[in-house]
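Both complexes below contain subunit A, partnered by subunit B and then by subunit C.
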Partner chain A sequence: MIPEVGHLALIAHLVLCFFAGIIPLFGIYFRNQALYFSCKRISLLLFSLVSLSFLCLVYSFLIDDFSVAYVAQNSNLNLPFYFKFAATWGAHEGSLILWIFAMNAWLLGFIYLTKSDDESFSLVTFSIACQVMFAFSLFTLFTSNPFERILPIPPINGADLNPSLQDIAFTVHPPLLYFGYSGLLIPFAIAVSAMIFQKETKEWAASARPWALLSCSFLTLGIALGSWWAYYELGWGGWWFWDPVENAAFVPWLLSVALFHSLITSQTKGLFGKWSVLLSIFAFATSLLGTFLVRSGILTSVHAFALDPERGLFILGILAFFIIGSLGIYSLRDFSKPTTEKYEVTSKEFGFLLNNLLLVILAVAILFGTIFPLIYEAITDGRQISVGAPYFEAILFPFAILLGILQGFALYLSWGSTKSFTFLQRILIESVSIFTLLIIFIYVVFSSFNFSSFITIFLSVWIAMGTLQITQRFKSNYWEFLRRRAAVIFAHVGMAILVLGVAVVSNYSIEREIILEKGDSYLLEDKQITFNSMEDKLGPNYVSKLAKITFMDQSSDHEVITEKRTYFPSGQPTTEAGISSNVVRDLYISLGDNLQTDIWSFKVQIKPFIRWIWFGSIMIALGTLIAGIKQIRRS
Partner chain B sequence: MNKIIDIAPLIIFVALILVLLTFLSEKEDQLESVLIDSTFPEFSIASLKDPKRNLSKKDISELPALINVWATWCIACRIEHPFLMDLKKNSVLKIYGLNYKDEREKALDLLKRDGDPYEFSIYDFDGRLAIDLGVYGAPETFFIDENGVIRERHVGVIDKRVWEEKFAIYLNE
Partner chain C sequence: MNPLRKQRLYALIAILLGSILATFLVTSALSENMNLFYSPTEIKNAEISEDILIRAGGMVKEGSINRDINTLEVTFTVTDYQNELEISYIGILPDLFAENAGVVVRGRLNKDGSFDALEVLAKHDENYMPPEIANLLSEEE
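Our next item is the complex of A and B:
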């Protein structure tokens, strides 16, 4: 009964979205006020319907209703209840419901939080968003309905949630990403509606900016969590793999960063209007494209969703309809309202232009690398190549350097033109001194130099110093300073910290394969690694081999546990790495194979500064979040 | 001139959609492998472990067997690796590896480190055999019955569930 309620709620959502998506357009076309309606009520109703549908699915999971096919495929009696809850979005069908839920939440926020005096503009924005949600509901109901039943004889037990998803980080990672992706719907809808009404650039940019910032914040957190999960769960200590699906999230992230920077210029100076429209469209398009690449199965990756070409076709249809539609409007619109604002090469405007060009070219290059294997295969009749980390790293490096250099002094540029460049000298002096200290520190800690790391380490110092210099403008009025610039300081310093983490971890990591008998030790640098004991453990839905390891150096010793679990419903094994971490490094050990009685292989790694990558990401997310909230309040 | 620039994004995007569309429809045909129910193709390719040893179809001697396409650059392959190790331990079925467009040293390192579930691995550096098999990407697994006929194919990670749904039935026959 309950699943049917959820099913009906979703159908009602679909129907309501359909009418909310077209009626306002008629109303505006025929200038008939009778066809206008209250966005507030409708969006609240839509949100309630999708929440009901979502809750029904959650309920079916919690009570183990295996007559629902989706529950039977992704849950199990032995699964702890919190994972049953998270299993709701553990596979394709349920994650779509979550996605639609996220879109509704954003739309509700947009309708309730932004004050608009232009009724028809917000009505059309609302209806465009409803059209997209209609398409997603249609997709869910027709190709991926999570409420389908197995009747008359339901299975006694379910097949279990994919074991590698049975993890706290991984239960939070998908919702954050979906919120990030779907948040880009709002700038998209605003941009399209702005084109239809030929809105002033300044005006529409102001209403789009907070939502671009908030999406970026969610995307940042989602991506960082995914990376952290891969680091400790997959057992080989990497944190970024250039996997097609990672790229599919990275590209919208880059574009959302480009977008909110471009919107700053559009809002304050009325410049880059067309560019911001295009970015809004493409940021949304790449988030749909990411979905397409993952769900259609045309690229294989660690993120294995059930492959189904029919679904791929459907998503491609949605993508084509909305993006061709919006680009069509774009190509027909007359944007020829030249702004009188002039800016010079030394201006803030030009800085933003460079920032955007670099980010967009980088995004295009990464997107190209991701789908190039497909194109290559299509034109060479089935010959395959794989584009891997070397390509992406070679592409990323020069762009990261240029972006970093720019970021270091961008905050000092003035609108119009910058008169004095004395700040460059100050930043340079400070950066060089801090850099020297840092290098000495690194030498003391790792007793080695790695010259290739110097550029990136310097870059991170340069960004940090350049950002922190801005505090001087506020003399000692820190409260005022925090109130006005906290967001940008957080985000930019976060970027510096992230760059430093990447620079150090990719140049100073140590990795060893070792074989230890119980009771034996191994000396890695100044750390003694001792294999204390091996136990069998029985978890709620898995059996595990559990090794206790001690890391010991002059000052301290830590015991860590590394496990190999076999989840019994699916028989799938997972590795749980043992990690002992502090601010400067992680000691990372993962259990390998049993070679003989009491003799096991291990993989030990020292990962310096790796926490900085995630810490930096959190700061970026926080910075963009604060900025987004501030922008909402202002509008 | 300006009009042309305005239309450019649209044209580029339509082109992209068309490429993805052709690929999608091609993939549908491809996945229905023409090779199902035909015999395993002939080949003559070096062994991964011993570059001097040339392997051919005759070397896949113990049937029925699994042919597993793998590579060190393929992350999903590492996920299915423990399952293959288990299978080797617990099943009579032999597994033969097809090391696909990989570097020999890396591949040998991986087998040394994580264990070797394969009777032997074919070192298909330029992917010739993979083309004959219509391999879509790593990992991919083929089941060959006792007459050397390909009976089943699975694209993607193979785990217990896939094993039971797609492969185990052939063993019971």
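Our next item is the complex of A and C:
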């Protein structure tokens, strides 16, 4: 009964989206006021319908209703209740519902939080968003209905949730990411509607900007959490794998960063109007493309959970429809209004232009590397290749350097042209001194030295200095200053911290694979690693071999536990790494294979500064969140 | 020069430089980091240089896993049910590595036809098969 209610709610959502998606367009075309309606009520209704549908699915999971095929495939009687809850979005069908829910939430936010004096503009924005949601609901109902039943004889028990997804971070990572992806719907809808109404660049950019910022904030958090989850859950100690699906999240992230920077210029100066429109379209398109790549299974990936070409084709259809449609409107629009604002090379405008250029080219190059195996397979008639991490690192590194250099002085640039370079001269002088100090510092601390570590550590300091020095412009009133600039300081300093983390961890990590007998010790640098004991443990839905290890250095010793779990009923093994972390380093140990009685292999790693990567990401997310909220309050 | 033109010129130069840099990077990075995939049969039939990194894969043959208990050295055989390939690896194998499971390795081919793996991948759940292998098997049918 309950699953049918959810199913019906979803159908009602589909039908309502269909009408809400076209009626306003007729109304505006025929100038018929009778066809206008209140977005507020309709968006609230849509949101309630999708929430109802989502809750019905959650309920089916919580009461173990295995007559629902999706529940039977992704849950199990032994699963703890909180993982049953999270299993709702553990696979394809449920994540789609969550996605539609997120779109509705954003739309509701947009309708209720922004005051618009132009009723028809927000109405059309609303209806374009409804069209997208219609397409998604159609896709869900026809290719991936989560409410499908196994009747007449339902299975007695479910197949289980993939063990590596049975984790706390997993319960929050997908929702954050989906909110990030789907938030890009709002700038997209605003941009298309702005083209239809020939809106002033300044005006539409102001209403799109907060949503681009908020999506970016969610994307940042979602990606960071995914990276953290992979780090401790997969048992390998890696935090970024350049997996196609990671790239599929990274590309929209890059474009969302480019977008909100471009929108700043569009809002304040009325420049880059066309560019911002295109960016809004492509940021949204790449977030759809990400889903296409994941769901269709055409790319090899740990995330590819639904290998179904039909679904891929459907999403490709949705993608094509909205890209071609919006670009069609773009090509018909008359952009001939001359821009009046002029700017020099030393201006803020040009800074934003460079920022966008670098981010977009980087995004294109990463996207290209991600889908290149497909292209190659098509042109060589089935030869298969993979493009590995070295490709992406080789691309990222030079662009990151250029972006970092730009970011270091970007905050000193003024609109039009920058007259006074005193601040810039100061950071130049200071950076030279940092330069020298750093060489000494790196040499002393790490006693090894290479170009890439030096340049990245330097960039991090350069960005931080460049950001923090703007505080000197506001000597008089710190609170006032903080209120105005907190967001940008948070985000940019966060970036500096992130860069520092990446620089140190990729250059100074230590990794060993060792064999230890119970009671034996191994000396890694100045740390003594002792294999104390091996126990058997029974978890709620797994059995595990549990090794206790002690790390000991001059000052302290701490025990960590690493496990090899075997989950039932799937019989799937997982490794739980033992991690002991502090601000400057993580000790990471994972249990390997049992070689003889009481002799096991272990992978031992020291990961300096790894926490800084996620801490920096959180600061970026916080900065963009503050900026987004501020923009909403202002409009 | 007209300021508007000047402004466009600068933007154009920046775009041009950026694109050139990107094209250069993409082509050079791709040519160095593109790993072709071979099945055991293809390895037998093709001339493959020992210097280049390739990927190979198949199903792990039953009873072929040999571990050295003192050094972390492992040898195993992968098969595409037509031909076999001997693989050696030093290190800890992934959790999902098992007999009769799909596996993809990255490394170099030796003169004697055996394969030195630098990396062993066996991902995802128990039903997962690397797409390359799924393709091979479906071709057979």
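By definition in this document, the second predicted complex is superposed on the first by the 611 of 635 C-alpha atoms of A that agree within 3 Å, B and C clash if a C-alpha of one lies under 4 Å from a C-alpha of the other, contacts with A are read in each partner's own complex, and residues count from 1 in each chain.
Just so we're on the same page, a contact is a pair of C-beta atoms (placed from the backbone, for glycine too) under 8 Å apart; a residue touches a chain by one contact, two chains touch by 3 or more.
Please read all numbers here as calculations on a predicted model, not as lab measurements.
J.: Looking at the overlay on subunit A, is there a clash between subunit B and subunit C, or do the two fit?
T.: On the superposed model, which is not a single observed complex, subunit B and subunit C clash.
J.: If we overlay the two complexes on their shared chain A, which of subunit B and subunit C does A:Leu25 touch? Say first, second, both or neither.
T.: Neither partner.
J.: Go through the superposed model and pick first if A:Gln572 touches only subunit B, second if only subunit C, both, or neither.
T.: both
J.: First (subunit B), second (subunit C), both or neither: which does A:Gly312 touch?
T.: first
J.: With the two complexes superposed on chain A, say which partner A:Leu8 touches: subunit B (first), subunit C (second), both, or neither.
T.: Neither: A:Leu8 stays clear of subunit B and subunit C.
J.: Just subunit B (first), just subunit C (second), both, or neither: which does A:Ala285 touch?
T.: The first partner, subunit B, only.
J.: Applying the document's definition of touch, where does A:Glu513 land relative to subunit B and subunit C: first, second, both, or neither?
T.: both
J.: Does the superposition put A:Asp593 against subunit B (first), subunit C (second), both, or neither?
T.: After superposing on A, A:Asp593 lies in contact with both subunit B and subunit C.
J.: With the two structures laid over each other on chain A, which partner does A:Gly388 touch: subunit B (first), subunit C (second), both, or neither?
T.: Both partners, subunit B and subunit C.
J.: Figure out whether A:Leu357 sits in contact with subunit B (first) or subunit C (second), or with both, or with neither.
T.: The second partner, subunit C, only.
J.: Please pick the stretch of subunit B from 4-12, 22-30 or 40-48 that overlaps subunit C when the two structures are superposed.
T.: Superposition on chain A puts subunit C right on top of 40-48.
J.: Across the two complexes, what residues of subunit A are contacted by subunit B and by subunit C?
T.: In the superposed arrangement, which is not itself an observed complex, subunit A uses residues 297, 300, 302, 304, 382-384, 386, 388, 513, 570-573, 592-593, 601, 603 for both subunit B and subunit C.
J.: Once bound in the complex, which stretches of subunit A touch subunit B?
T.: Checking each residue of subunit A against subunit B gives 159, 164, 234, 236, 241, 243, 278, 281-282, 285, 292, 296-298, 300-302, 304, 307, 309, 312-313, 316, 319-320, 323-324, 327-328, 330-331, 333, 335-336, 371, 374-375, 377-378, 382-384, 386, 388, 513, 570-573, 592-593, 601, 603.
J.: Given the complex with subunit C, which residues does subunit A contribute to the contact?
T.: Residues 162, 235, 297, 300, 302, 304, 339, 342-345, 350, 353-354, 357-358, 361-362, 364-365, 368-369, 372, 376, 382-388, 390-391, 394-395, 398-399, 513, 515, 564, 570-575, 590, 592-593, 595-596, 599, 601, 603.
J.: Considering only the defined contacts, which subunit B positions touch subunit A in the complex?
T.: 2-3, 6-7, 9-10, 13-14, 17, 19-24, 26-28, 30-31, 73-76, 78-79, 82-83, 85-86, 101, 113-115, 127, 130-131, 134-139, 155-157, 159-161
J.: Give every residue of subunit C touching subunit A within the complex, in rising order.
T.: Per the stated touch rule, the residues are 3-4, 7, 10-11, 14-15, 18-19, 21-22, 25-26, 28-30, 32-37, 55, 67, 69-72, 91-93, 95-96, 106, 123-126, 130-132, 135.
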